[in-house]
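Several structures are given next for inspection.
Shared between the two complexes below is chain A, which pairs with chain B and chain C, respectively.
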Partner chain A sequence: MKKAPLIAAAIVVVMLAAFPFLSPEVYYLSFMFSVFMYVILASSWNLIGGYAGYLSFGHAAFFGIGAFATAKMAALFELPPVLTILAAIPAGAIAALVAIVIGYPCLKIRGPYFAVVTLCFAFVVDLAVKNIEWLGGAEGIWMRIMDVQEKLSRSIMYEVMLILMVATLAVAWWVGRSRLGAGLRAVRADEEVAETMAIPTANIKIQAFVLSAFFPGVAGGLFAYYLTYIHPDVVFSINISILIVLMAMFGGGGTWLGPIIGAVILTMVNEGLSTFARAEIARIIYGTLFIVVTIFMPDGILHFFLKRNRGR
Partner chain B sequence: MLTGKKITKRFGGLTALSEVDFEVRRGEIVGLIGPNGSGKTTLFNVISGIHRPEGGDLFFAGRRITDFPPYKRAQLGIGRTFQIVRPLAGLNLVENVATGVLYGRKQGAGAREAREKALEILAFTGLTEKARRFPDELVLEDRKRLEIARALALNPEVLLLDEVFAGLNPTEIGSAIELTFRIRDAYGTTIFMIEHVMKAIMSTCSRIMVLNFGIKITEGTPEEVANHPEVISAYLGAAYAAC
Partner chain C sequence: MDAVLVIQSLISGIMIGMVYALLSVGFSLTWGVMHVIHISHAAFGLLGAYLAYSLLTIYGIDPVVSAAASAPLLFILACGVYRLLIKPVTKAKEVIVASMILTFGLAIILENIMALIWKADPRIMTPAYASGALILGPFYFQHPHLVGFALSIAGIAAVYFFLKKTYTGMAVRAAWQQPEAAQLYGVNLYRISMITFALAVSTAGAGGISLALLNSFEPHSHNLWLIYLFLVVIVGGVGDIVGTALAGLIIGTITGLSMAFLPFQWVNLVTFGFLMVFLIFRPHGLFKQGA
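Presenting the complex of A and B:
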């Protein structure tokens, strides 16, 4: 019985991995790439925002840091495109390092203040990158493109993002059932009580925050490579930060499946909106959705439909 | 085993504890009484590390723990309950208790052992039938039992019980007293308890300390304390007259 979900997950992954071999249109490859990316972002955010209840509204910062770090490394070391993909991993480590530095003071602040501080952090990083010439400044950075057919390059990026998604979800799964996850849930419920239960709250919050920054950092690196040109306005966009929170909460924060469902549904909605509506209208619809979710489904659609099944 | 020397705690202009000395020895059940607002809960908050005292020192098992964060004190074996119950909302009873087992003194337990141990503790505290329930579905008596179960999950050396009898009816008080003795006998836990219910404290404690306006006015056996003139005037007088 315990094996069933694992087998189901393995089948889904194999099917997803096989998809590019059916030679679908490039559009579908790009769309799935976005889905994978947002699943990674929402599931990573969930480690700190969902399990521990520390709502970070600045997660695009880690995504952007990963993107710029990858682009910069590629330019500095003149890496061939295939190696650039690997550069996304140290770029994720840089994002994780930044998370340690800012998490240490920020995670002492609870509730809405934490949300505001992380929001400001993302603004500061955005401004800093724009004003540092060395990082490409306000012009952004171009990257070398793979000199293969577009379809092949998209297929490669699809597979690489899929691998990262599987890795992220495996870690999220592990956290959810581990001692760390139990500690984080206690922190969310009542941090003071958690301390009196021998839980080193400061320590485990940092652990969760670092994990939640690492994967978005790597994803940012892959995204940079995929776009071949990155600009601060794109990768540090507050829209991304909000979208991440919305996806995780819409699906159901603090659960493994919730952020996945949220990311899949909202990426589809996003795609539909950007095809059929203008950006301003899309934003209004998102804003409304955020309000509706917060008021009527504070625990997300997963809990909304599976009432009473709290916790997992 | 647990010692406090000249503990002073102020909240702004209010001195909640004033140079309080205390000692709890291994295997004892010690009571802490005093009128409302006399600083009892504050003393427990200082012992468990939630409040930092302005003066004085704390020692536990021979170590100075005055500067230890709360989680370290809990790891060393100081468990506590809260007067106003504070269960972990959103987690069922097994999860509440299992979390304590995972982080408690006997570390290295996997998720499965932690659950088994949690079920064992829930059985011990009489909550087996409600193991899959959520705290907000419980009546007060059971929530108080959950507080105790969660503290026991740490496998504590000393357990601080803050008014676990308050708000219970006489039958419930009877079974809570019985539980207190069982904890000491089965787990070998030393108990330091705050109590308002006189019947409970007189029948369980070997020694009682009395606080009034943050000052320790006396300490002794239940009979000594009950007959102490200052205690009678400060606290017991009205209650005794009414009986």
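Presenting the complex of A and C:
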């Protein structure tokens, strides 16, 4: 592995970690928090959606499961702040467990059918949580807030989410260069051929799916604690599922860097639009963006610029 | 459980199932013939419903008349959408993925244009006969429901007739079954795709109006409608008109019955759960053998 990219990445991480110490406004901390969150979501989605070409349109389900599991654990055991943050890890494990149960039958179906079944899965989970009183039902769950100044609590959450992002990206990097990644790419290129080449397709698809559910689950837990109140409509929204897909595809699915670029750009665009335009107009512009990207950059932004440079 | 109530829910279920079938026919065709998954299909249906709603409230025009009038309008609009947006996508490497993302963007645009024009409040279609009902023994049927049901039967029959009897319709079927062979026999695939897409969108408009006669609607209703589209099309088999109509009835029956026996909020849960199980065991539809 070349040294230069590693050093560059390390410098970026250190700079990001140092950012809260410059005592920026809370707004920027919150903004960066959501950028990190979407980078995590898009990059983990990319493991199954990008590398293997299995488009999950229900990834918000894992995010939401993580969020509700964390909130429920915090309420059940009356956890103090530090433990609540750590509870996001078992919550991610719960999301991963659900991914095994769901992935086993669902990963047998391909193409658009897989997209639809995952979309349905997200709806089912959302409706189920809303109708189960024990999980807070349609009213949602409140959590204890951190007993410190707002800026400090925001900075803590910022750093925690940054750590999770680095972990996710490290795993995504590793997957991209491992046998697992090569196998997933083979599945995407041609599943039948991959199978005849003795690649254990069913096995590696499950592995990728579970990994791609775990990190969103943990991120959901952190997000829940960050909001201190969660409601099914917020964390299970179909818009989150679709946004994850778009960010990854927009940046360039199946690459390591693509989802990062996509998540950063789209979060910024989203933020900018919602600040400067009315909600409806902002969403119309947002929708137009999807269209422009699919028509002019069908392989994502990354490929678009790489191809251009190669052309010269 | 009261037998009358069960039968009543069953009949309402069948009626709404037929409406879902009309809404789904076009979705099934664009998917089958063009390999385009048209996510904004339901949003176009909703647009039809809103147009009919405005015509009704401002000029007092009956929704059935609007359904007939909006069909050519949506047809022309859809031809434009096809030329500008869908055609470039059909040349992409992965048509299905690209089309899903592009039309999802289109759905967002349509939804928010509708939210701007008609505001986010839920609406109900109230034609002159809205309060009337047909009473048959212990059962009663609200007039708007009957009209919506009749409209969807007429719509599906029209599509079926078009595909089976007209020259263009046969070309559409040929393009679906054997695109290369159809081209050899002089079928212009580009024109056929445009006609299929535009026809699909105009049936979506009629379907949206029918559905609006049965249920209330708001700018984001198309998301839920979309799930039913997938449900009906996948159970019926992609591209199969008769299958779609039957699937509509089956799904209507299931929702109808679950409405009689379950609290309201569990109905959708049952429906989506059914779709998931169905997809896992019979992804190519109920009426087809294998892939």
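The criterion applied here is as follows: the second predicted complex is superposed on the first by the 303 of 312 C-alpha atoms of A that agree within 3 Å, B and C clash if a C-alpha of one lies under 4 Å from a C-alpha of the other, contacts with A are read in each partner's own complex, and residues count from 1 in each chain.
We take it that contacts are C-beta pairs under 8 Å (C-beta built on N, C-alpha and C of every residue); 3 or more make two chains touch, one makes a residue touch a chain.
Just so you know, these numbers come straight off a predicted model, no measurement behind them.
In the superposition on chain A, A:Val101 contacts neither chain B nor chain C. By the touch criterion defined above, A:Leu289 reaches chain C but does not reach chain B. Of the two partner chains, chain B is the only one touched by A:Gly183; chain C is not. In the superposition on chain A, A:Ile199 contacts chain B only, with no contact to chain C. In the superposition on chain A, no contact is made by A:Leu76 with either chain B or chain C. Once both structures are placed on chain A, no chain A residue is touched by chain B and, in the other complex, by chain C. Within the complex, the chain A residues that touch chain C are 55, 105-106, 108-109, 111-113, 115-117, 119-121, 123-124, 127-128, 130-131, 238, 242, 245-246, 249, 279-281, 283-284, 286-291, 293-295, 298-299.
Residues 31, 37, 85, 88-89, 92-93, 96-98, 100-102, 104-109, 111-113, 115-116, 223, 227, 230, 234, 265-266, 268-269, 272-273, 275-276, 279-280, 283 of chain C are the ones that touch chain A when the two sit in their complex. Here chain B touches chain A in the complex through residues 48-50, 69-71, 74-75, 79-80, 82, 86-92, 95, 98-100, 102-105, 111, 134, 150, 153-154, going by the rule given at the top. Interface residues of chain A, counted against chain B in their complex, comprise 177-179, 182-183, 185-186, 188-190, 192-201, 254, 310-311.
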